[in-house]
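Some structures to go through are shown next.
Each of the next two complexes has chain A plus one more chain, namely chain B in the first and chain C in the second.
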Partner chain A sequence: MKKFSLLNNFLYILFATIVSLIYLPILVMIVFSFNSSKYQIMPFRNFTTTWYQRVLTDSQYIEGLSNSLIVSISVSLFATLLAFFCAYSLVNSNFKGKSFLNLFFLTPLVVPLILIGISLRFFLTSKGYEPSLFLVAIGQSIFVMPLAILNLSNRMSQIPKNLEEAAWSLGSSRLRSMFEIVLPSCKFSLIATFILTFTFAFDEFIIAYFLTNFSITLPIKIWTSLVTGFDPAINAIGTIVFLTSLTLGLISQILFLKK
Partner chain B sequence: MISKSIKLENINKKFDKVEVINSFNLEINEGEFITLLGPSGCGKTTLLRMIAGLEHVSSGNIFIGDDNVTSVSPNKRDTSIMFQDYALFPHMNIQQNIGYGLKLKKINKSEIDRKTKDWLKKIDLEEYGLRMPHEISGGQRQRVALARSLIVEPSVLLLDEPLGALDANLRKNMQSELKKVHSDIGITFVYVTHDQEEALSMSTKIVLMNKGKIEQMSKPVDLYNSPKSSFAAKFMGFSNIFSIKNKDKLDISNFFNTLENRDVENQQICFRSNNVNFKLDNIGEFKVVSKQYFGGMYQVEVSNNRNILINLMSDETISNDMKIGDNLNLSIDSKDIIFLEDK
Partner chain C sequence: MTFFFIFPIFHTLRLSFLDPNTGVFTFNNYFAFFSKDIFYDSFFRTLKLSFFVISFSVILAFPLAYFICFVVKKKFRTLALLILVAPFWTSFTIRAFSWQLILSDKGLVTWLINKLTGYEVKLNFLYTMNASIFGLTLFGVMLITLLLFNSMITIDKRLLEANSDLGGNKFTEIKNIILPLSLPGLIIGSVLTFIIAVGDYAVPTLLGGGFKPVLAQLMLSTIKGTFDLNTAATMAILLVIVIIIACIPLLSLIKQIRFEK
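Coming up: the complex of A and B.
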């Protein structure tokens, strides 16, 4: 018994270490976002919301934020919609090389983002496209597609096949049953997928960095501010982004459980 | 509703390289209640799905009425299918479920409303129209599925073990209800089941299937009383199947001594356990091997020194005191012995 409790204590410590490695830096960021000192050092001086006011009035941050919102929303809309059709055909068909195709759809998950960024930049600029937010949207769509397909095909494979078959037998066409039978059953998963892909696109930096020039997204703006010297406003914006992502992430997980 | 005949012509079906249906021919008359009966894996469900158009045929032709529908998609066929788990649309209420087929036909709303209400009344669920499928019981779901299938007025109704998920009592009720629906509307019913009792009580004709082929096609009475093969006999509950060497000189007084355990060379015969008469007799050739209570009856296994194991049924008043090892003398009426055709 003693040996076991020793092992248990070790596991507790390990768990606590991992959790604090993940969340402690974020906690520090949140605490310092309310610190009036210009420098990120202890002790904590006075409580202030100055940095939040700075962020919300700084036109550069606002522009980055609105660019990010526009890009991320279009990316997640496009990816979710396309993934719905992809997942439908992957789940409902049986052809040679299906598992290969499945794998093929998922590879962007394991390809280093920097490769996606660089190769898209070379490819698209060689076709005469100027780096822009539009290209960022294309790159990020590729990046989030696997997630969306994975989530939606997971849900779709849980829908009994004979629901659609019953509909066909009552006179429904394939297209119609897809929209009237499968789509409503995926309702929550679709919203969850939309939110999930949104948070991934919203946070994404590397692809965006390679594919845009002058109109920048929020992560790029944060990065450039950091390069030119530390700005405490970063803490504030980091806190805002973190809390939003956390909330959206939780909502999407709950929606996935709801089916 | 208009009833149509079905003709299956030389149907073959392979899944990958496994042959499930093998040169299958079947003609079903209009208005018939035909049951495809067989053990799981015999191809009965595949066949039903092919009639519905949910499964492609590898080769062969399917006719519904006069039309060759072999390559017609399921939504353009004059059939309606009912599944074992009912497959009600979970996001639609009962009324919407029943009316879905009419909505597809672009019938105007008030007409759909009227017909749906009619059907809700017919299946005794008038007050349940606004409930969701998960809010009603299994038996009610079953009726909703039936109404949803019939409201589109198909010429053929296909039923894939629709009573399989119900408990025994409810199943009995639904059997007679389905039979009544069939005689009321008169369309062709094709029913798939592995339950011989269900098949016997409902069908006008039974197609007994084995390994993708027709084993025997008969009226229920004929299948029950005169199975043609040992497979059919076993499926119809004959627990005594044996071989005899000399078919032409059957000596009924010495019948049980001429029995051999089944071998493919000789004539096969079968008889029902409740047709065997027996008498307790100290010098009887058969000894009781086991005895199992069956509710009012005992199922008794007896065996002789040649290892011939015979099943018999006995009233509980007679066999309450019967012990393992007791000696019995057996006899049987010659009209109860059925000669099988297979080897």
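Coming up: the complex of A and C.
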């Protein structure tokens, strides 16, 4: 057994190294968000909350934030609802080409976001649409749909089929059984999917970058301040966004486990 | 979804075959692409980058998934996995940027080395391709570990017992049982990582810098800079072709699963 424990020790060290590499940048960002120095270099000066105050009073950040909220809430609402019906028909019916349709719904997963953004821009501007937040919402819906469908059909396939069949034989319509049996049993999954798609849409940058011109979302604002000279307020906004999405992500995971 | 997903791709395909000035059908965009050094180089740079990212990610993710699945006690398994993948929900861009703080020539690492040893060192790591590989690999490790774990957890523990009963060691266990049975997760994870690495824009820009652009960077600067839609469409279609090729292993996997049923 001696040899194996050597292997195990190695694995423990590897795990610790990777985890610290993943969390190190986040930690540094949080620490620097309280640093009073204007430059992003060591050493650490004094403790300050100036950057947080800046973010909360800067109209551009506020505008980006509200735009992002509007877009991602509509994206996640739309995608969750649509995914519910897609998943329902995928799980509960058998028709020719079902497995093909199944694959088709998942294809956006294997397409880089930059391609979704770029081709939508080409296509929609050639059809006379101007880049706007509405187009961003369309693009992001396409990107989060597969995730929503996967999550929901996962849950739906666990619902015993005979529950619904019982309802039908007692004279319930298909629609009614869907609303009274499937919907309640997917309650937690629906909320979890909503939160998950929300966080993904909220953080998404490249699709939004291609599909809007003047009304920017928060990730675009962050990106432009990153590339055009550094602004320490980014650490503050990054910390806020990180903690919010981490909390939301954990909540959605817990809801998934709860079912 | 057909309207907003399939049509745009075909529209891009059509654009890539049109002459920018006259609008007639032509293959010239593709010839032009491969005849200009900057395009040609960036194409192969992108492939090289993704190749390294996958290799490193797989090498690191396999032992990690093994560790979480077979070494960590059952009670802590979910926790360990959660710790590893929780940053998935956080902004990729911001994480990439934080690495700038650490790796830049006036960043945390050089400062630490200076404090500890008194030497002024220059890392010369930020704004190189190695930095891009590093940033994307960390992401790939998270993704592949998660998918590998999902495959590994379904492995019947009795198989492992049978292996040691029949006199097998750790090596045969991994080679004959764990590796073949977790292959689906490994393939899906690698393909997804490849797709992300090939199409990513944020990490190559923030960590890799702008002097040696990858395809995604070039595509963006072509659109926002010169408005040459046809050239940009050509690049997009080349990317699509690369991805379709990368998805071939995925298709064989689907066939395999169908046969088993």
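Annotations
By definition in this document, the second predicted complex is superposed on the first by the 259 of 259 C-alpha atoms of A that agree within 3 Å, B and C clash if a C-alpha of one lies under 4 Å from a C-alpha of the other, contacts with A are read in each partner's own complex, and residues count from 1 in each chain.
Quick note on the criterion: contacts are C-beta pairs under 8 Å (C-beta built on N, C-alpha and C of every residue); 3 or more make two chains touch, one makes a residue touch a chain.
Bear in mind that the values here come from a model prediction, so they are computed numbers and not experimental data.
Once the two complexes are laid over each other on the shared chain, residue contacts for A:184 go to chain B alone; chain C is not touched. In the superposition on chain A, no contact is made by A:240 with either chain B or chain C. Within the superposed three-chain model, A:12 lies in touch with chain C and out of touch with chain B [touch as defined at top].
Taking chain B and chain C in turn and counting the residues of chain A each one touches, the greater count comes from C.
When the two structures are aligned on the shared chain, A:163 is found in touch with chain B, with no touch to chain C. Once the two complexes are laid over each other on the shared chain, residue contacts for A:171 go to chain B alone; chain C is not touched. Of the two partner chains placed around the shared chain by superposition, neither chain B nor chain C is touched by A:73. Legend: residue contacts after superposition of the two complexes on their common chain; A:62 is shown touching neither chain B nor chain C. Taken together, the chain B residues at the contact with chain A in this complex read 52-54, 73-77, 79-81, 83, 85, 87, 89-91, 100-101, 104-105, 148-149, 152, 158.
Contact residues on chain A toward chain C in their complex (touch as defined above): 3-4, 7-8, 10-12, 14-15, 18-19, 21-26, 28-29, 32, 40-43, 103, 105, 107-116, 118-124, 126, 138-139, 141-142, 145, 199, 203, 205-206, 209-210, 219, 222-223, 226-227, 234, 238, 241-242, 245-246, 248-250, 253. Chain A contributes residues 160, 162-163, 165-173, 176, 181, 184-185, 187 to its touches with chain B in the complex. Partner chain A is touched in their complex by these residues of chain C: 1, 4-5, 7-9, 11-12, 15, 60, 63-64, 66-68, 71, 80, 82-84, 86-95, 97-102, 104, 106-108, 111-112, 138, 141-142, 170, 191-192, 195-196, 198-202, 205-206, 216, 219-220, 223, 229, 232-233, 236, 239-240, 243, 247, 250, 254.
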